[in-house]
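What follows are several structures.
Across the two complexes that follow, chain A remains constant while its partner is chain B and subsequently chain C.
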Partner chain A sequence: MRFSLRKAALAAVPALALGAAGAAQAQSITIAVEAPITSVDPHFHNLSPNNGLADVIFGALVNYDERVRPQPGLAVSWRAVDDTTWEFRLRPSVRFHNGNPFTAEDVAFTLARVPTVPNSPSSFATFTRPIVGVEILDPLTIRFRTAAPYPLIVTDLASVRILNRATHEGATTEDFNSGRVAIGAGPYRLVAFRQGDRVELERFDGYWGERPAYQRATLRMITNNAARTAALLAGDVDAIAAVPTSDLARLRADQRFVISEADSVRLIYLALDHSRDANSPGIQDAEGRPITDRNPLRDVRVRRALSMAIDRAAISQRVMEGTSIPAGQFLPEGTYAYVPELRPTPFDLEGARRLLAEAGYPNGFRITLAGPNDRYVNDARIIQAIGQMWTRAGVRTAVEAMPWTAYVPRSDRQEFSAFLYGWGSASGEPSSPLRALVATFNRERGMGPSNRGRYSNPEVDRLLEEALRTVDDAARERILQQAIRVVFEDVGIIPIHIQKNIWAMRRGIAHVARADELTRPQDFRPAN
Partner chain B sequence: MTVYLLRRLFQAFGVVVAMSVLVFVGVYGIGNPVDILISPDADQMERERAIRALGLDRPLWEQYVWFVANALQGDLGRSFAYNEPALQLILQRMPATLELAFAAMILAVAIGLPLGLYAGLHPHSPASKAIMAGSILGFSLPTFWVGLMLIMLFAVHLGWLPSNGRGATAEFLGVQWSFLTANGLAHLAMPAFNLALFKISLVIRLTRAGVREAMLMDYVKFARAKGLSPRRVTFVHVLKNILIPVVTVTGLELGGTIAFSVVTETVFSWPGMGKLIIDSINRLDRPVMVAYLMIIVLMFVVINLLVDILYTVLDPRVRIEGKAA
Partner chain C sequence: MSTTTAPPPRVETPLRRFAAEFAESRIAVGGLVVFVLIALGALFAPWITPQNPYDLMQIDIMDGRQPPGTSGGAGFTFWLGTDDQGRDMFSAILYGLRISLLVGAGSALIAAMVGASLGLIAAYAGGRTDSAIMRLVDLQLSFPAILVALMILAFLGKGILNVVLALVIVEWAYYARTVRGSALVERRREYIEAAHCLALPTHRILFRHLLPNCLPPLIVVATMQVARAIALEATLSFLGLGVPITEPSLGLLIANGYQYMLSGHYWISFYPGIALLITIVSINLVGDHLRDVLNPRLKR
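This part shows the complex of A and B:
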């Protein structure tokens, strides 16, 4: 059984599959993406590949530009009326793919639907929950009331794709996947969604924004790295996302292809066990006996020494083949609340040894460094490299790499002392990593949900809470910067690097590379 | 006969029940799927909501009882990732896998049988030695690597075949098939050959061994002595007799090919069941994993049951034993 909306789509398949030679090339583009898109329903599963497709078919009040800065989308402007009331002015004369007009009613309907999608494995309700009241002033003006001051409403609404009340009343996830109600206000409309295989799209000529260059677009899901590169080399696809670092040099050298890249908003870091006073699970003294009277990682000198012992430049150049930037904080330069003076910790083996001796470990100690081997770019190789560097500094390191599906449950049970994770700040600003990674773990207040090392610093908590109450952007930025300084002075986590996102495509195609890792056909056009 | 059949059916049922427990407990043991599925942005409350929504807060035995109750009504659960019935997801992907598996088996027999026959008839010729050496490679080279090498050679360097995907399909009996269009066949060729490689080697070795043995048999000597042409001796007297083990083994291999073409489907992005199961394992999509394994268990149980029944028809000794018991 195949979900095809139109007979015409079937007729188009051979042309697309053959890589569409000749004149058809300006008309259509086939892009291989690295991860499966699991659903067309924009409110079903908060998952990066699905959000990428939602950006193509649907639209949100707020859009992100390629550097994850909020831009007007279906809303043309917004302002805080007071600390708990926000007013959004909507874009006039916008139409959905089926011709229905877009109004404030649709926004209200969307906010009501989001928390009610059944069986959602990861709901978008986190983005709508702070909104406690919706008031429609006129068809193009809507007000949101929040229980407490909530400055993140703008970035949160960028994740909520708008549906049409008349079309989507009672629509199920299956209705979206079958294509029946896959109707939004985005630049492309869905022609066919074939799970685990491909998504076929056709340009929507009534789109309110800039008209995409290609009339037809196909997203092929090719999860295997080598197969994705081979598909590009063989001419089966026009562009690929997430170029494997091992193929990068070859593609750069090949005149037939061009590369596009952008600094991402994904930090790769090491989390450390802060929760135990002694007997941290992966730590022994220099002779291999458990340390029963203390946890070395609770000593900031030890944490700083571990950070100093990492040669970030070497990891970036050798392991990552230049596709990462050594990091000293959550986000790259140029983002909101970036702290200019907070540089990556310089590599200093002697200094690390000195600090360890000062902290009472002149002979070092032993530690197990854990990480996934199938999640982040070169993840297992990164922890192997760090293991060697730490061993040179006197901290004898055993490296334990495992599949993501085994790693996450174990790290959630806090079975590791030092372990590698990545964090993509989807909203492009640092309140998301501050809240999730370093705020004190607190279930009731939703703080520190991904703080698996249980780092806790009252000063960070205080600053973060103050920031989350501060509606003024400039004032909030200063508070967030202060919180970031405190976290990294205290080495709450050890930042390694920020990944670069890499795409490769046939020469003759130009691409606007995005920091948020989304691959969208509207970002591609023929090069002049 | 009826008693025997009933007993076999009962045993088959016991196997299915035992496997369902094993599969369920095994998959349960890997970890909490919500950890994998949930967006990292979600807070603790959202995580708990998702766990409740997917029924994962219930104790294992309760989840199992629910699973069995639903399974008896033909409902093997809904995929966490797709929110569609797991059974439907698997059945949607099944034609692609069946097509690939059958194409591979046809290739295995079409290539393996003649080569094995030749190697058996002329065991000392250099060509035979080359065939046998080649079959060792077919056995020992990893499918994954061979697949990538095939892509590099035929798709990237020579540009003869598409590197991956299923290509154009045409409808037949309400299902989309690739082998009915030229473009689809081009897409099918490499993955089918890759999947067939191991089986080709197997068929070569089986055929060769059979031929070598049969050539020494009295009935072959007698046929020769009668003055029958070598052609008739080979194709009638030898081939007919060695086909029995070859058919048995290829039949058994078919089941394995349908169930476990995971590697080939991944390398060639072939949208079949193998790709679905590996994607599902990677995101701990428990209902799909369980449903898939249950379908495979059921398939093997049915195949074995059929084989057993066929044996009783073909071999009177089994019937008599059944009566004695």
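This part shows the complex of A and C:
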């Protein structure tokens, strides 16, 4: 307390204060994150906050850079030997926090452990399942065999953090949480993990990569938006993740703080009911009677009209306060298989009305638009705004917002006609949303697991399957682009925007903002 | 005294005296006047307000978060500003009051009917019936009201009717306990014995003789419970479990604005908060004074 008072007094002399604070605090940083880290075990729960921490303590063969492009990590290079065999050359003289050397044995051990972690709420096994055989050629060379051609192996391995056989044989998730075996080859080692409260870290000086700027780092979990902002304003923390959009203007205007932002890989979109031929649950005609002979959403003209009626620029400006980019496809510009000519559908109210009339709804119809109110940034505000816009185009919209836990089971049961979801393409390339959101739903084959509107287009399925078999990056990119074109020309889903990830920190700290939402202490350093 | 005169003049004189006694307190009368004004404003909201904030056609996101006094695109001035969706706060508050008062008064009325009936039955029947009902009351009162309401709404889903139902379930016990207490006293009076001797049917004794004499405390509890129900509805809506988001009540308006508190858009939750405050205080002022006037122990 006394210390902060003295600091406040010093603030009267700005230059002095900056210098003093900078020198005093360069050794440690405290960052508030927006969601609880549920475990230190890197193979327990596939969740962004956990993955962020795993990136700090552990390391993977492949790392993502801040724009989700694969970079050498614990592997220095990789190549496809043939269509189903991949060879990875490992980084020499890497050591774990306890001094053990890193070898191919550890990679084989990790791959064997991942599917066996008990009680995993969201398993990492999807990333290791395609690998059916492991062959160690020498301590620094390993080969993976897949049952079928599988080009996504490189991006998948970025999600698998490597453990040490000697240290982690038989280790349980509790052993990681207690800190006993929280040992990896990452830039920081774990000092303490307090569930729901904080994680304390200390720099690992034997790290193979670039040395982090701060000797000590603390991640505090502050889930309440207002409390997180207040903690930064009060000086309790040096930086916060996921700045609430409503506080952004204030923080931007405040000279004491700086903002860092990056376009994310999370698309916010509307899914539509494609599964029914008539009697879609949230749809009535203009007079409020159920439409028993057809489902308007099966008509591409109606879907296009609904997309045209949305003023994406207004949502971006007024609801998101500039923290979103209007979207016309799954991923932002600059990503793999981005389709340059596929722009966000321009706002055209007259055109939307014309298309609706053409499709046989000159007086429009009624629809219920559903969405969560506690999951995505401003989710309930977005669906209300879209409700206004659709109503103006003649589609009278009722808006139903509910907590995520109530929303997911109802949407899984196809209880909605139009509903808002988001999809973060953690791998930074579009095969994940294509496979999850618009491929024809097929439980056995693992296709369309999140295709809750049950969109189905044989052309998309065919192109996607072809892409998933194509190992050559350039050839695959062309096929994926074609699949994306087909989906969005057919308005399989209505893309709204891509979120931006935003951090705020004290002036004097610089941060490399990441597209994948991960908050990692090694991305912060003193400015200049 | 209550046994000496026939019903019509008996009702007449106390009422007049009651009115005179009530008028003694300026504060209570002021509260009543304010409350009547609020109720009228809510009742005639569609004719007073420049905008129907529940019609998505009439609100525009481009008018969002305008400070008080801004002129909007629709050709009128937002005297109290607008919320994040572009609703005129003045209109939204009056419409929100409609919901708050409807839910508050509706649930209090239904809860009073249910609770009073059960309380009368308990007092009159005695024995096991009495024990059963009163243990149910104890059980009900041992749970925090907000917790019970949250559970009911989580189970039933959102919607105004479900909120009313939840509030009735939360509140009936207060009426039951109050009415039972005064009915226990009244049932030993001579007029009830006389009614027995005349072999009047039980329901007639209960509702024509016993109930009217238990009314004063019931009225006091009902007044207080209306205020409580309004506050509880606001809490539920604030937590996102009450009314639909496109038809905000006062609680939901406050919740919407709460997120903008740090960014300086104070009016989004400030004015609905003030409206809620004034409503509840005015009802409580009336209720407080009613208790003083209607309490026989405080007389003479």
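For the reader, a short list of remarks on this structure follows.
Here is the rule we go by: the second predicted complex is superposed on the first by the 504 of 528 C-alpha atoms of A that agree within 3 Å, B and C clash if a C-alpha of one lies under 4 Å from a C-alpha of the other, contacts with A are read in each partner's own complex, and residues count from 1 in each chain.
The criterion applied here is as follows: a contact is a pair of C-beta atoms (placed from the backbone, for glycine too) under 8 Å apart; a residue touches a chain by one contact, two chains touch by 3 or more.
This one's a predicted model, so the numbers in the text were calculated from it and none came from an experiment.
Once the two complexes are laid over each other on the shared chain, residue contacts for A:N46 go to chain B alone; chain C is not touched. Legend: residue contacts after superposition of the two complexes on their common chain; A:Q195 is shown touching chain B, with no touch to chain C. When the shared chain is aligned, no partner comes close enough to touch A:I310: not chain B, not chain C. Taking chain A as the reference chain, the count of touched residues is higher for B when chain B and chain C are set side by side. When the two complexes are overlaid on their common chain A, residue A:A213 makes contact with neither chain B nor chain C.
Once chain A of one complex is fitted onto chain A of the other, the partner contacts of A:A426 are limited to chain B, with no touch recorded for chain C.
When the two complexes are overlaid on their common chain A, residue A:S246 makes contact with chain C while staying clear of chain B.
In the superposition on chain A, A:L464 makes contact with neither chain B nor chain C.
When the two complexes are overlaid on their common chain A, residue A:A271 makes contact with neither chain B nor chain C. With both structures placed on the common chain, the touch criterion links A:T126 to chain B but leaves chain C unconnected. The interface of chain A with chain B overlaps its interface with chain C at residues 226, 230, 233, 374, 406. Note for the complex: chain A touches chain B at residues 1-2, 13-14, 17-18, 36, 38-39, 41, 44-47, 118-123, 125-126, 173-174, 177, 194-198, 220-224, 226-227, 230-231, 233-236, 374, 404-406, 408-410, 412, 423-424, 426, 432, 436, 443, 446-447, 449-450. Per the touch definition, chain C reaches chain A in the complex via residues 56-57, 59-62, 64-65, 84-86, 157-158, 240, 244-246, 258-265. Considering their complex, residues 30-47, 49-50, 53-54, 78, 80-84, 89, 92-93, 148, 151-152, 155-156, 159, 162-169, 175-176, 181, 183, 187, 266-269, 271, 275-276, 279, 281-284 of chain B touch chain A. Touching chain C in their complex are the following residues of chain A: 225-226, 229-230, 233, 244, 246-250, 311, 314-315, 318-319, 373-374, 380-381, 384-385, 387-389, 391-392, 396-403, 406.
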